[in-house]
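Following are the structures in question.
One chain, subunit A, appears in both complexes that follow, with subunit B as partner in the first and subunit C in the second.
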Partner chain A sequence: MVRYLLLRVANYAVLLFIAVSLAWVLAQTQLHPRQLFEVRTPPLDPRSIENILRAANVSDQVPLWDRYVTWLRGVFLHWDWGTSPGGGAVGDEIGRRIWVSFRLVTIGWLLGTVLGVALGAWSAVRQYRISDRVVTAIVLILVATPSYVTGEVTKMVATAVNKQVGFQLFLFLGEKSTGTLPGYPLAGLVDRVQHMVLPTLVLTLLGLAGLQRLQRSLMLDALGSDFVRTARAKGLRENRAVMKHALRTALIPTGTYFAFQAATLFVGATYTERIFAFQGMGIYGVDTIATQNINGIVAVTAFGGLCYLVGAILADLMVAFLDPRVRLS
Partner chain B sequence: MSVDFRTNEEPEALGGFAQPAAPTSHRLTRGQLVRRRFFRNRGAVIGLVVIGLLVLLALFGSYLLPWQYDQRDLGQYYKPPSGRHLFGTTQAGFDVLARTVRGLGKSLVIGFMVAVIQTTLAALIGSSAAYIGGWYEKAWLWVIDLMLVLPSFFLIAVVSQGGPKGTYAWLLLVVLLAAFGWQLSARVVRSLSMSVKEREYVAAARFMGLSTPRLLVRHIVPNIASMLIVDVCLGVGYAILGEAGLSYFGYGVQAPDTSLGTLIAEGAQSTTIAPWIFLAPAGVLVLLVMSVNALGDGLRDALDPSSMSGGQA
Partner chain C sequence: MTVTGGRFTATGDVVLSVRNLHVTFPSEAGLVKAVRGLSFDLRAGETMAIVGESGSGKSVTSLAIMGLHPRAARISGSITLHGRELVGLSDAQMSSIRGEDLAMIFQDPLSALTPVYTIGDQIVEAIQTHHDVSRAAAWKRAVELLDLVGIPNPQLRVKSFPHEFSGGMRQRAMIAQAIANDPDVIIADEPTTALDVTIQAQVLDVLKTAQVETGAAVILITHDLGVVAGMSDRVTVMYAGRPVEQGSVDDIFYRPRMPYTIGLLGAVPRLDATGSEPLATLQGNPPSVVDLPPGCPFSPRCPLAHAGCRTTEPDLAGVGPDHVAACWESDRITREHLTSADIFPVESAGDVPPPDTTPRTERETVLSLENLSRHYPLMKGAVLRRRVGTVYAVDGIDLDLRRGETLGLVGESGCGKSTTLLEILNLHAPTDGRIVVFGKDTSTLGRREKKTMRRDLQVVFQDPMASLDPRMPIFDIIAEPLGVHGWSKGRTETRVMDLLRTVGLEPGHANRYPQHFSGGQRQRIGIARALALEPELIVLDEPVSALDVSIQAGVINLLEDLKKRLRLSYLFVAHDLAVIRHIADRVAVMYLGKIVEVGDIDEVYSRPSHPYTQALLSAIPIPDPTTERSRTRILLHGDLPSPANPPSGCTFRTRCPIFEGLDPEQRTPCLAAMPPLEVAPDGAPVTLAQALDPAEARPGGEDRPVGRDTPTDHLVACYYARPVKVL
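After this line comes the complex of A and B, so read on.
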């Protein structure tokens, strides 16, 4: 088991290294930070532009290989992921933003998972009844709706509600208010909750939709299987047969999906971050491209790749842990 | 559920024994069977009709609609939907319906092109990897893993940010979306081809001296055709959503071209004063993706002989 895991991790490390190197080459050849400085008024001295670019290791006048070696040295010897063209350290920025993303997605993701599994299992048990059809129809709409549409619509509804009740019940700019808070106790917490409700709702709906579909079909397969029928035939109560035999089996693939998602969430909430003005990881990736921040986008790509691989390993472990039929050693 | 053997598509499987005569019913061809199963699925049929209508609208909309996408109605700024402008007007007095139809056309073209290219890639790579095996297969599996590790959204955005601009820039977007879209399907194609390649007729074809490319295209790929059809269909939905997502951040279709994604991004700027500019393209996008998904699901159920949801033929 340990040997198997170590082999996988080593394999993934090589894969990640090559993937990030490719992303580095792509970013270095496709983005042009020089343009940022050439359009400045008053015009900058070409030599000082060159110096700024060289300091960030993004000058297109240095041979690509030399830049690559410099970048590798920084990353492996000093864990230094470079700076943006403006001068800020990319590593610090990411370190800060990981937690913003984490605070944004955790609750919505957990809620979406629990509700999705519950709704999926419930509608499978009630297959083709009205309740199943209603849930399935709503989920079909949700699955086809990208998060920026869900987000904007939520914002529009919330604005209307705010107008109706006459005060700012829902807030949707960032994590918390910037001005002074009202004097009542726990005002800071209330303020954060007011900011969190809408993005959490959007993320919950997103997670719920995918999982409901998955769980419903898994549960239908499990309910039709021989061992559930046997359990029922032996006189087990319907509820007990469903919960203990069908649901347990049907949860195995969901478990792997859950483990995989846990890791990939950090970079997955880009649209939600944009709509609700959270300064998280996903939106950083988008901004780094717009601002020709080569080191930034490479670091985000590396982080995204790492998340993906951690997710893959977690998913493997989850299968081994949940499914007695799987033996890794 | 009783199984009706007269509808079995491979009567030879019974080993040449005389089958029980069935005087009252005739044997269905596979096409008839699939068609019956498909048309029994109401959602899929509705999806098909909606897609057909949207395609017709995108093709002939400019002849049918009272306003052109680049035609200003002076004085009519930020007007809500009315008889004059069914979906209202924009800040500059453009007709929202005409612009939505134009964006829809571009989104449809991109969606279909990407889906066809990526499924073709998946079919060729997946089936050849399974058939040839060895190092060739290992190398492709490794490339697939490599491309899945990279967050494709950011890489496509990087290339489209640095890539050429102009009238044909959207073709680059098609290539990029397809280049990052085939991997998961290729894995499925590979595992399906693994069992097909063990069949006798494949061995027979090989011993008759058929070349590998020809063998793949003639004998292996047709046997996984049903999976590929479904894959194209669902791929259209993914591609349209992918394009719209990139365009939402300005990395997709570039002005003067428009797609549903660019229109949604534009409309999102003014949801408080003129929500219709956002709601029209967003609604059409959701409708389109829903229809494509319903059609894909329906096709899968109809084509998959083991699926129960198609009902009995």
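After this line comes the complex of A and C, so read on.
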């Protein structure tokens, strides 16, 4: 098992290297940071523009191969992912943003998963009853609504609630308030929670919707299977047969989905970040392209790739944990 | 009433009593009346079989008794267990009875055990659900139970997951789980249908042991009349949701009084039948249980039916002591001693040419396999794939098929019979050896020659549903091969209509789609397609194994009739030796990619000389209670070894009952090499008991015929071959 996993990791590392290199070539050839400086008023001296670009290793006047070697040296020898055109180190920026994203998505992701699985399994057991139809309808609306609409609607509702209660119950700009905090104990924590509620709610709803659909159909397959009938024939009550035999088996594919979702959420919660003004990874990915930040986009790609591969390994482990048929072979 | 070991009832007392059971559930098409008025009493220690074809309501009955019917189903009538009414009990109340007093064994052992828990865990769960015992004690009991049902190394295997067990072992585990709480009634729903014959014999044996051990009454639900004859004391025959005949097993088999029972018994090909009288064929199909017309549901298919049968449905009425039948004509059947031959006239297709009397050796060879082998590489590794072994799917077989002949190829799943068939159809060079079709070596054929050859070599597949494109009307399906071979539109049309008539279908139905036809009719469409180009050789892969008995007989009769009229040659692959006996002229028995015995059908069945053939023949139940009761069986141990890792020497030695009794010196030849196919020994067949006596075993050669009166091509691959009287 360990040998198998190590092989897997080595395989993924090679894949990741190739993917990031390709992203680097694409960014270097398609983005033009020079334009950013050329349109400045007052105009900058072309020589100093060139110097700035060379310092960031993004000058199109240096041969591509030389830039690649410089980039590789930086990354592998000094763990230096380069600088943005503005001058900040990309590595530091990402180091900060990873934790913002982490704080933003973790709770929503876990809640969404647990609730999605539970709701999916529950509605499968109650297939075609009113409760199943209602849940299914709500979930379908959620799935069909673009995430920025969900986010904005949540904000509107929160504003209305705030008006109703007469004070700022929900806060939705950034991770925490900037000014001074009130003097009661744990005020900092309360403030953060007030900021977290809405984005977490949006992420939970989005995660829940997808998983409910998946889990419901998996559960329906499992419920119709012979081994659930066998469990019932042994004398297990319906609930117990469903929980112990059907749900346990139907969780195997969900495990894979869960692991992969973790990875994509990390860099993919762009809309949620934008709407609630979180300075996370998703929004950074979009911004780097808009600001011709070659080193930034390459680093974001590398991080996204890493997340994905961690997700893949997690998925492997998850399946091996849940499914004895895989564990043994 | 004596109470033994906490049991409520002693042998002979009624345990389960069902009265006027009706099960109805809604469907898109209307109300499905799945069971209509079933009554029976089941006594302790007794086995009652419920027999019927698909849709007759037998499985619904079992689920209703267990209280596991679909939630939408409506149940009326009464089901009492030890006098306690079960109909109307809550799920909680039923749950305390299920698994404790009522146990069930399901059909498909591959899917009936939860894949994520060990066998031990599942048996322990069954025990702990009902009894407050420690896990250690329950675990110990699980090991005992596995030992009882014949799982080798139970201490070790109890920790296995279901996928590590073969089908037969899983069914044993299912039985162990069912008897874990010493139930009073065991319901076995088609417990051996998914298993090979030698495994079926093992599992039925285990089921008998389990019944003796628990003293339980057994409800055996099956479509296999042979199993019924061997296992049951009483029989209920169901048709369209209704019991149509009930009685002791002897009454049902020897004195059936309802035309459906009579037809069903006449439609089964029998292993012990000599000669090949056509089977009784029941016209038409079982009715749908939605919107049944008034009258007897069997009347549309019944040759004895009269106007009265079509208006009023007969009730069960006594036709003998403890024997009831639902038929207006049962008096006449009793009086005139009507048999299946009297009631079901055999279809006569008219102009059958006189049989070909040319001796076999003078007829043209249409297919010949010489040392045919097909090995598949066994690969491993995701990144660097490497070969770690070889699957010897087919490993050096010789066969020849003459014009106008049917060669049956039999063996258990995984023996290589389907691979052999695919190799022939591929028309490519095999791994080793030669395939010669119509005198031409297939490895030397060009594209054009292959196309010509495919015209003369056609195939009929097992699954009549999967082998017909559901989006094509049957006209197009049958016309497709004609189009490929460039037939004109006009000729195609006449040909398709002719073909439909030939296979007994209505030409007017040519525009319908496969879904509008029943299984038997679909198989007829498949046969019509195979016949379209007037082939000379047809290979058939289990063509009737997916069909119900009454439908199967019609297709078998059709194939026989076509063979005679069109002078076809068949290579007929099947696992059912009774079907082979009925249709084949010669038979080849395969084991692990090799042929172990081949010869004339009557010769092989009356003088089987290889221990595997003997075991196969003895494993097949015969639909005759007296014969079944008096038969001794050779029970093979274990499962078929993997063709990736066949045993050294004789591949059968690991399961061979003769080898087991040999002393080390006698075993030497078996361990050294696979015995060659040689002429079968002469002499009168010995009994099974003698055959298994090690003192009687002699290395072959002494018995080999020297100057037998009639030249024989009965060949057998065994050093200790000797003819045995199995049937």
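The definition used in the following text is that the second predicted complex is superposed on the first by the 326 of 329 C-alpha atoms of A that agree within 3 Å, B and C clash if a C-alpha of one lies under 4 Å from a C-alpha of the other, contacts with A are read in each partner's own complex, and residues count from 1 in each chain.
In this text, contacts are C-beta pairs under 8 Å (C-beta built on N, C-alpha and C of every residue); 3 or more make two chains touch, one makes a residue touch a chain.
Remember, predicted model here, so these are calculated numbers, not experimental data.
S.K.: Given the touch rule stated above, what does A:V69 touch, subunit B (first), subunit C (second), both, or neither?
M.R.: The answer is neither, since A:V69 touches no partner chain.
S.K.: Contact-wise, after the overlay, does A:A13 reach subunit B, subunit C, both or neither (first, second, both, neither)?
M.R.: Touch status of A:A13: no partner.
S.K.: Of the partners subunit B and subunit C, which touch A:L140 in the superposed model: first, second, both, neither?
M.R.: first
S.K.: Considering only touches as defined above, state whether A:G235 meets subunit B (first), subunit C (second), both or neither.
M.R.: Touch status of A:G235: second partner only.
S.K.: Who does A:L26 touch here: subunit B (first), subunit C (second), both, or neither?
M.R.: It touches subunit B, and subunit C stays clear.
S.K.: Tell me which partner A:L173 touches in the superposition: subunit B (first), subunit C (second), both or neither.
M.R.: Neither: A:L173 stays clear of subunit B and subunit C.
S.K.: What part of subunit A is shared between its subunit B contacts and its subunit C contacts?
M.R.: On subunit A, the subunit B and subunit C contacts do not overlap at all.
S.K.: Of all residues in subunit B, which touch subunit A in the complex?
M.R.: Going through subunit B, the ones touching subunit A are 43, 142, 145-146, 148-151, 153-155, 157-159, 161-163, 237, 241, 244-245, 248-251, 264, 268, 271-272, 275, 278, 282, 285-286, 289-290, 293-294.
S.K.: Would you tell me which residues of subunit A are touching subunit B in their complex?
M.R.: 15-16, 18-19, 22-23, 26-27, 29-32, 140-141, 143-146, 148-149, 152-153, 155-156, 159, 267, 270-271, 274-275, 285-286, 289-290, 297, 300-301, 304-305, 308-309
S.K.: Which subunit A residues qualify as touching subunit C in the complex?
M.R.: Going by the criterion above, the answer is residues 7, 11, 225-227, 229-238, 244-245, 248-249, 252, 322-325, 328.
S.K.: What part of subunit C is in contact with subunit A in the complex they form?
M.R.: 66, 68, 91-92, 95-100, 103-104, 106, 108, 111-116, 118, 125-126, 129-130, 161, 163-164, 174, 177, 382-383
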